[in-house]
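First chain written, first letter: the chains are A, B, C and D, and each begins at residue 1.
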Amino acid sequence: MKTVLELRNVTKEFPGVRALDSVNLHVGRNEVVGLIGENGAGKSTLVKILAGIHRINEGEMLFEGKPTSFRSPRDAFNHGLAMVFQEQSIIQTLTVAENIFLGREQEFLRFGIIDKRSMNSAAKVELAKVHLNCEPSEKCSKLDFAARQMVEIAKALSLDGRLDSDIVILLDEPTSVLERREINLLFEIIGELKAKASIIFISHRLDEVLEVSDRIYVLRDGAVVHETASADASITGLHEHMVGRQLDHEYYRENKQRSSFGDPVLSVRDLTIDGELRNLSVDLAAGEILGLAGVVGSGREAFARCLGGLMLPSSGEILIDGKPVKLNQPNQAVDSGFGFVPSERKSEGIVSGLSVAENMTLAAGKRFSRFGFIRFDRERTECQHWIKRLQIRTPSVKTPMQSLSGGNQQKVVLSKWQIVGSKVAVLDHPTRGIDVGAKEDVYELIREMADQGIAIVLLGDTLEEVIGLSNRILVLRDGEVSAQFDAPAGAKPDQLDLISNMV
Amino acid sequence: MTEKHKQFIRNLVPIFTLLILVFGIAAYEPGFLRPRNLMTVTADTMTLFLMASGATLVIMLGSIDLSIQAIASMTSCIVAAMLPMFGGTALLFALAAGAAAGILSGLVVNYLRIPSFVATLAIGGIMTSVAFWASNERSIYISDEDKLVWLNWATGTTAGIDHEVVVGLAVLAVLSVILSLTRFGRLVRAVGSQERAVVASGINVNGVKFFAFVISGFMAGLAGLVMAARLGSGSPTLASEFLLPAIACIIVGGTAITGGVGSIWKTFVGALIIAVVRIGMTFVGVTVFAQQIVFGLVLVLAVAMTIDRTKVSVVK
Amino acid sequence: MASINLRALAPIGVFFLLCIVIAIFSPNFLSVSNAIRILNASAIPVVLVMGATFVILMGSIDLSIEGIVALCAVVTASLVLNDTTAANLGMWAIPFAVLTGGMVGAINGATHVYLRVPSFMATLGIGFVCLGIATAALGGFPVRIADRGFRALTLGRTLGLPNGIWVATAAVLVALVIQERTRLGRYVFAIGTDEVTARQSGVPVERIRILVFVLAGLFSGMAGVMAAAQLGQGHALIASGRLFTTITAVVVGGTALSGGVGSVLNSVVGVLIVVVLTNGMVLMGVPPFVQQGVQGFLIIVAVSIALDRRQLEFVK
Amino acid sequence: MGKFSRQTVLLATAAALSSGMGAASFADDMTLAISMRSLSNPYHATFARGGEEFAKSVNLPFEVLVTEGNSEKGLADIRALISRTNGNVCINVDPNDSPDAATIVDEAKAAGAYVVTQWNKPDDLHPWDNDPNYVAHMSFSGVGTSKEITNALIDAMGGEGGIVAIGGILSNVPAIERKLGMEQAVADTDGKVEILDFQPADWNETKAFEIMQAWLTRYGDDVKGVWAANDSMGIGALEALRQEGKAGSVPVVGIDGTEAALSAVEAGEMAGTVAWDPMWTGGMGLSLCHAAASGAIDITAEPHEHREFYGTGIVVTPENIAEFRERDTSFDYGDYWAKSTGQIQYQQ
């Protein structure tokens, strides 16, 4: 098999961190290569090196046997390496066709004027490859998330037939927002594509990687720790390589899981959010962790955002300590005792222009001010306490938030709600995009919060996470509760049971 | 050099810019550095600074206030029209009118959800009508007695220091305290930096915006009073041609027009830069035909120097 | 033309509503001759908003409009048969003037992009420079146009409509083709929506930014030619008051100042609303001193109806 | 460090630019200066030229200051000039707004500088109360000349019909006076002439154009004449008429005597304008000021009619325009009051 893309001893260092440590990797023609690893294992650095966003410190990259270094994602694209990013790169105000050919309108130009008809029909061809049935002249803002993802893939596929060189398509977590049906479709497409291109498939869903790949690399702490043909691999085996040890109960701090709870804190009665959620009722006690499982669109995100005051309920009742509360605005939610940790940390979780201390006390203004004046002493003492307790790595309380790592930023967000004294913490993907060590710190912290009597609503990054951390799990499907599982320490429900209720 | 030191120096660039301009002018006309002249230049700058001071908060939010010129003219009319009848109460009334204009802007932006650019432009139009109504479409003179009794705080001189400068420094101090020591000030920066996160933290963002517009209106009103005192009259066009220079001095000082980054002392320095360039041209003897051209070029160069690009990712 | 949807119709609704209200007070409003007058008065603003819309769609702003129009009007007037210079280029003066506008636009863009100065300040400064040049070149006197053929550009009629309307229509068509059918137009939306993603997709962001300012300069230049033809002269103050009307029209039409959302067609409707408002003030006999207030109030009402605020997560 | 090197370059550029500005330092000579609204209109451009001519004749340094319509800027510039010259300066100033005059006079007194004011000053501020630094105030009778030009309009209309009137910025003193004169002239017709509407166009051509268009819709052929408070607005209105093919049939009058207006008068499209004499006000104002400052005359001994006086405003109509073009425009800098038309009168 001819090797199309190869990395030789690639090392990448950031100040203080070795993100990649002599990585060797090759991709053959017409091969599907799976790349797995935990968040923080170096996957995204690897992707950014391939895309030309980062430069290699040591080692080299070869494309079709020639040493290559791409200058930008566009440069990589023009050479035949197309990427579908986890964070979408679709411009919502442009049409589907315009997005697919963004930056490459040349072939549709007639005397400087874009021939929309030929562009749309060319787009139609690409859309057919991903079996997406939408008008190329449709604005992308009108499509749902999954459809936009398909447009993104169609954009990558459009290289096919337009280049003489080999084509490598890199799919970075393409399934994280797709439903099973769409995932199956995607795998079908990958099967068809194999005839024309090579594919790098990055995911943290081991079953999927196993299903679709020919060969798998496992990344851990910036190094390739394992390489195997899919035929010889198993989920548990891959997982062990990925986390570097046997999966044990220690990881999710199950020994610290509570079995007795305080008084009921939160009661939700027949909560309905039009088009998102129907008649959800649930009770939650102090110190209890309620996990929510479900695919995208199942209603669990809507439920979480509703508790955060960021989405209006259409009907139903929410009670705190037996008293009904209104959650029309985020400030009402905060005043009622909710603390919302959003999944979009960068845009909703932190204020990047403010300092660590300012972020920590953002929601607890009154406690740290007198007559509107900030009590800096009190603030500093409190913040230093939390920095120490949560082991937040920051030079000082005055450090700008943007210079902290993702994990430390997330700890600041969590401390923000503890400082306020929230009764109910709503954690929407609290470990998204943070490294392994920080993840464990966050798990530890969640347990501590439960010990303090905070009721916790958890939307996990993975199913395992939800199972490992929760006392009780609510499974949602199409906006309704489809099942409920108790998950006491030592008697956790099986992933497959949950999945069968999710889809 | 550590990041901290670099940041410290970046913060001082507007002052360096000012000093270069001052000494550049002094090199040609040493008389420029006479203490009395420097005092006069500073005093002449204060009305501009007062107008820009409150608007700085609005710009730090990422919004803009285009009504300040009309508000200043309006309060000059109100104070000039009311002083003979009401005495000192007229001052309070004028300031209240300025704040009320800010309240209107705040309400329109928050509840009608109209972008501040248009909202404040429109409110400015309304304030101009109020000014015409209050002044009966005339310039109104303020008698010397009234001026001495009620407006000396703005125009007099004590121990060689012009009162305008005192008022300006007082506003500088008060707004600096508000911006750096109060929760409101912190929230102004927060909203300008990342509004979504502030909302998600349960902060009443509308309230923050509202107060910023009120402060802006109040300060524009105060600027109108000081102008009326200095010129001895109120007129619906008293503050004409002040709007763009006022916003220019906010930006020249280094406050980002996109919000999140800025401070009052930067606006103070920005106002001085603008004034020094303008008056400096008269001093150095730049022909009046070239003055506008030189002014425009220096403005662009000054901003190119003073803007701290490390804090603004995309320059729009 | 895919951009026409219900949302784009809201400003049109406001426009008709306004017409009905004015017609109730003043039936003459609905006459054909007044419709032509309104279109004629809209001609220059329409040409101006074509450029301004692209700049605003990109998330930037162009404050040099008045400067460029004045400069180009002076260039035009000086190149056709006139009372000041010996030139007599006739219609050939038009490309010169329009290119002058484009050149100033290029300077705007280059200053903005290469010095990384926010467009607000870059264009403000360059605008001052243009006004300065226009003033200095003439020493304060207007250049009066003696070229009858040239003046036919706005004075003459074709198919019963003043030529200015045809020129404006042509400008709209050109702008529409650029917006919908060229890379430049599509990239403007891409940059205005998400500059980082656009850059990663290979959009030459810097070049597009400069080109858009060049485009705005060309349109402003054309407006300058038309202003010279309409008033039969060129001088530095010929465009005074045009800037805020232009931006108001763009925003009233429904284009967001934050970029990415809007269309040149929306801006045409915006201009019509603003012009009809001015025209209506006189027709309805609104007392002069409250006109600005009424206008401000109506703009708030119009924007609150016309603007699609669901698209605006936050109001800045 | 990339950002820093950029800033360093820019700082260097700014330093270079500031050192490139032309220097003007006159230690001993008295400086002569003109201060006015802007250089962008012909009236003021000629006013400045008048001052310059005089300065050349006495071989003294000369400067022009402009307010750009901003009173504070005007005052700051005058202060800067007085400060730079240590008060050894004569300024012929057209204040941006009438109250500014009082502040300017105060500044001049404090520094020993000499000023002559034009057009705008408070009614209760008089040169003789501020001896010797406030030399004189020169103006033109706004009400009187406006009345004359309105009568010219009424004549051109055949003595009856409706007129529309375009005013300047509502609160400006000349705008108020001119409007008053127009109203008095109309009142004198005993109802034969009616003011259909009055709208301010803020001295702006384009605004006048748009207002005129709206009037044509509202009043149509009922508009028999157009009165404008200055020529710019008159020309704007005239252009609106031209586009409707009505130029010449509906008479227009303006005030200022700009070249555009004079040509329109010659073409029969305007019924008249009032020509001031800015060469004279610019030159003679400075001459008088210089004479007082240098001690050539004892200004404090002059009678009131030599301290506050009107210049000559000539009403130019199609009948007398040829004659006007031929008139002798020269004057003698030493004959200060030759063109005065009497002491300034104050309206109630």
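Heads up, the rule we're going with is that a contact is a pair of C-beta atoms (placed from the backbone, for glycine too) under 8 Å apart; a residue touches a chain by one contact, two chains touch by 3 or more.
What you are looking at is a predicted structure, and each value in this text was computed from that prediction instead of being measured.
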Problem set entry | Shortest contact path, subunit B to subunit C, counted in steps | 1
Problem set entry | Length of the shortest touching-chain route, subunit B through to subunit D | 1
Problem set entry | Chain pair with more C-beta contacts, A-B versus A-C | A-B
Problem set entry | Chain whose average C-alpha position is farthest from subunit B's own | A
Exercise. Approximately how many whole Å separate the CA-defined centres of subunit A and subunit D?
Worked result: 70
Exercise. Where the CA atoms of subunit A average out and where those of subunit B average out, how many Å apart are those spots?
Worked result: 45
Exercise. Counting in whole Å, what is the centre-to-centre distance of subunit C and subunit D, each centre being its mean C-alpha position?
Worked result: 32
Exercise. Which subunit D residues touch at least two other chains?
Worked result: 10, 39, 170
Problem set entry | Residue numbers of subunit C (touch at least two other chains) | 115, 131, 135, 139, 289
Problem set entry | Set of all touching chain pairs, with the criterion as stated earlier | A-B, A-C, B-C, B-D, C-D
Problem set entry | Residue ranges of subunit B touching subunit C (in the complex, touch as defined) | 61-63, 66, 108-110, 112-119, 121-130, 132-133, 137, 195-196, 244, 247-248, 251-252, 256-259, 289-297, 299-300, 303-304, 307, 309, 314-316
For this session: Spell out the part of subunit C that touches subunit A in their complex, as residue ranges.
Result: 2, 177, 180-183, 186, 189-190, 192-194, 197-198, 200-203, 260-261
For this session: Sort out for me which residues of subunit D touch subunit C in the complex.
Result: 10, 38-42, 44-46, 48, 167, 170, 197-200, 202, 204-207, 209-211, 213-218, 220, 235-236, 239, 242-243, 258-260, 263
Problem set entry | In the complex with subunit A, residue positions of subunit B that touch it | 181-184, 186-187, 189-190, 192-194, 196-204, 260-261, 311
Problem set entry | Contacting residues of subunit A [partner subunit B, same complex] | 308-310, 329-335, 340, 342, 347-354, 358, 362-363, 365, 368-369, 372-374, 416
